[in-house]
Amino acid sequence: MIDNPKNGMSLLVKTITRITVGLILLFGIYIVLHGHLSPGGGFAGGVIVALSLVHLILAFGREAKVAKISMNLASNLESLGALMFLSVALLGFLGGTFFLNVLNKGLPFKLFSAGTIPFSNISISIKVGVGLFAIFLALIILEGTKRKR
Amino acid sequence: MELHLLLLFMIFAAIVAVEVKDLLSSVIGVGAVGFALCLAFLILKAPDLAITQLVVEILCLIILIRATINKDLPLVIEGRWVFNTFATLAFVAVFLFFAFHALKELPSFGDPIMSVVKRYIAQGKAETGAVNLVTAVILDFRAYDTLGEATVLFASVIGIMAVLRRPGRKKIEEKNHD
Amino acid sequence: MTLYFLCLVLFCIGLYGVLRKRNIVKIIIGIGIIEYSMNLFFVLLGYKLHGRAPIDAQNQDILNMVDPIPQALVLTSIVIGLGITALLISIAIRIYDKYGTFDITKIKRLKG
Amino acid sequence: MSNPIFITYFVIIPLFAAFFISLAGKYIKRLYVDAISSVFCFLLLVFSLYGVNVLHKLGGVLVYKIGGWVPPFGICMVLDGLSSFMLVTVNLVAFFICVYSVSYMEKYTDKPKFFTLFFLMLAGMNGLVVTGDLFNLFVFLEIASIASYALVAFGTEAEELEASFKYAIMGTVASSFIFIGIAFLYGFTSTLNMADMARVLTTKTNTLLLPFTAVLFLMGFGLKAALVPFHAWLPDAHPSAPASISAMLSGVLIKTLGVYAMIRIFFNILGITNIYLSAMMFLGGLSLITAVILALSQWDLKRLLAYHSISQIGYIFLGIGLGTPLGILGGLLHLFNHSVFKSLLFLNSGAIDYAINTRDLKEMSGLKEKMPVTANTNLIASMSIAGIPPFNGFFSKFIIILACIQKGFMGYALVAVIGSLLTLSSFMKVQKYAFLGELKEKYKNIKEVPMAMKVSMVGLALICIFGGFMLLPSLKFFLNSAVNVLLEGRGYAQVVLEAAAK
């Protein structure tokens, strides 16, 4: 991303952002995947993912590539995440009741261990992450169009 | 002991956040209360909550500052709503008085009666396979709450997009098609 | 007991901010403070003296764990608070577009 | 046949509809979105009627254990007489409103978003009615409230945004009171299941905490039900919402979020005592009179209807607050009747707004010639809200007044009669100014409203006419099972826990 000083923050912030954004995203994904082992989970991880994208837009201004994600894509992904979580819940019907944890529980401390919990964590984090990023986009884009008019 | 200090700091920061004239500094005041709350969660042995509170707090601050920063805002002018102040303070005094007496009957701080929770702690890991019991409660014992929770967030996102869309109603001329 | 009481004092400060203030953003800040005090009150109820975080360790089983149910419910309540605050802020921004001010006394187009 | 799995459909269907419509709404044609939502609403209505006759045959209570956990350890969904009664009320009105808004919402942009929020509100209400867990009740209350905040501001005009902001602030304050109440109860009993909590609370007596929590709940749910001291948001929120949403708000939302939640907690968990009953009756009587007096001076049609909603809620609380079987029967019947004829009145005001873009009574006159269907359905609804004999409003008001006299509260009976007379006078005003008289020349070329709106208005009007048949011995079980749930008070715990143990 060549730096044009017109939008976004100063060059210093941009170079640091290029380094930290990847780490924040990775940390968010770590929190989501290890939701059932260590503190955190679907919600915290999702918000961290959203924050890493917001961090990118704050540093590189409205013309950052991330800001080009259309609102439709964001809200579609979000409804998709919600549908995924509902389907994980409906999965329980196979085993009898609504939210039953049908998959085998595996060994306690392993990564793939707690049945449907990791999958619900992942679907929640997709929903929360993209949803909050869509809110931030809506607040930014609204301001943008008004100023152009 | 440190909890008492933290709570006093939060009360002080809340008073500052409510009373100070400039909007941006009151937003910073709320941020201080939020981060102190995150510390309180850490002291109360709730790491899940500390992470979530910290991160949600940051997002709230960003949105709040977004709402206040680029508005050419005059300083907040204070009206002299005498009756309103008196009514609010009277209600607060009555509420705190009865709350003080009601709090006496709650189990004292530090030993909650954990009748339902004993089973979660004892067999939580075995039944759900999740090591982090809070996640076990969220996504297995009370997963229905979390479905409601995800729907709350979904509703607020759709609500925000409905409120922020540009043309609320079709223009008058579009409407009566005859 | 005093911790519970201080927490309810924080709740009343937020309530004062909501009922008493004229600026929309101050009202939203009051709502935020009410959300924080509610969550803190619920987690205080679940704390066990010298308790440990409700996460099982690898080899030794932890005896006095803190009550995980209030933590699960407050996690839900934090995200509800975020949803409500975000909705309130977007309504406030649209009100600012239409009325040009955040002062609630000037926003009186509704009759009666 | 009595497998309780269908209880979950009341929440899964609206949630799936909301998520699906928000995903596919932009890509499929407008016709499919309307068709899908009407089909889903109809499905919900069928399931709620199916639930009623399953309960009638089975007799007891249906409990569905979510995730397979036995009640105190997980969340269970409970379908008993009261909740199946509320489900029928909610889904019946929601179906007609859904059909109505298929064509009414043409005036607003982005119809798929409207139906998403509509189904989210419906999921919130159904979930709240069906749940057997206290914190779950709070979460679904939040879903319904947030969806209704956004829907009130759906038209994004200046006064709608202001009304929605005021409604959202008071709603959030009410939710925080309810949350603090739940925190107190959890600290006191360390369980969240309603049945388990009622069982634990019977063992603890003469504490100050229960009355304090009851006052918190009274304030929180009183504000959601717009009782008088907390009614300030309703006369602003309902007129500025789109007509189908103000019908939904007045018709069912303030009843499920306010009345149902309060009577479920007061009767079945905290255990009703005379203090709570007299407090309910006093608030009911107070809101009955003040709202009807305030309504007399209104010229905006929807504001007038909003004030009448508050006074009719006063009737419901007056009826239920009596505590006697007859009083509760009258209160619940009035709840059903009010949700039918009040939503019909709002749909009529929406039809007028659709045709001539104004809500001011002074500008309308003589609409009867051009809009016969709306005029007649409005006449039926006005008759039944004022309590004229053949219509359903009369039976419930008559029972409430009878119950007041039976229990010896002559003052309240008088208040009820005066309120009913003032309601009659203000609806005569509506009829005279809006429909009778000669048609203004600028409204010469208005047309009757489209077919979908007419169908739903006529459907609701038919229910208004045949509503009285609910008291016939053959159909009386429907109401009696709801009354018995309230009368048995804390026996609810024992019934539910035993049904769950099966």
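Order as written gives the chain letters A, B, C and D; numbering starts at 1 within each chain.
Please note the rule applied: a residue touches a chain if its C-beta (ideal position, glycine included) is under 8 Å from a C-beta of that chain, and two chains touch if they have at least 3 such contacts.
Note that this is a predicted model, so its numbers are computed, not measured.
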Interface with more contacting C-beta pairs, comparing B-C to A-C: B-C
Interchain centroid distance [CA atoms averaged], chain B/chain C, Å: 2
Chain A-chain C separation of Cα centroids, rounded to whole Å: 23
Approximate Å spacing (C-alpha centroids) for the pair chain A, chain B: 21
Separation of chain B from chain D, taking each centre as the mean of its C-alpha atoms, in whole Å: 28
Where chain C touches two or more other chains at once, by residue number: 8, 15, 45, 53, 55-56, 67, 69, 73, 75-76, 78-80, 82-84, 86-87, 89-94
Chain B, residues touching no fewer than two other chains: 47-48, 52, 56, 59, 63, 66, 99, 104, 106, 112, 114, 116-117, 120, 125, 131-132, 134, 136, 138, 140, 142-149, 151-161, 163-164
Shared-contact residues (touching 2 or more other chains) in chain A: 38-39, 41, 43, 75, 79, 82, 86, 98-99, 101, 108-109, 128, 132, 135, 138-139, 142
Chain-level touch network, classified as line, ring, star, complete or other: complete
Partner chain D, residues of chain B touching it in the complex: 98-99, 101-102, 104-107, 112-117, 119-120, 140-145, 147-149, 151-152, 154-156, 158-163, 165, 167-170, 172, 175, 178
For the chain C and chain B complex, residues of the former touching the latter: 1-10, 12-17, 19-23, 25-26, 28-30, 32-33, 36, 39-40, 43-49, 51-56, 65-69, 71-76, 78-87, 89-94, 96, 102-103, 105
Of chain B, residues touching chain C in the complex: 3-4, 7-8, 10-11, 14-15, 17-18, 23, 26-27, 29-30, 33-34, 37, 40-41, 44-49, 52-53, 56, 59-60, 63-64, 66-68, 71, 73, 76-79, 81, 84-85, 87-89, 91-92, 95-96, 99-100, 103-104, 106, 108-112, 114, 116-117, 120-121, 124-125, 131-134, 136-138, 142, 145-146, 148-149, 152-153, 155-157, 159-160, 163-164
Footprint of chain B on chain A - complex, ascending: 31, 35-44, 47-48, 50-51, 54, 58, 71, 75, 78-79, 82, 85-86, 89, 98-99, 101, 105-106, 108-109, 113-117, 120-121, 124, 127-128, 131-132, 134-136, 138-140, 142-143, 145
Touching residues on chain D, where the partner in the complex is chain A: 8, 12, 15-16, 19-20, 22-23, 26, 64-68
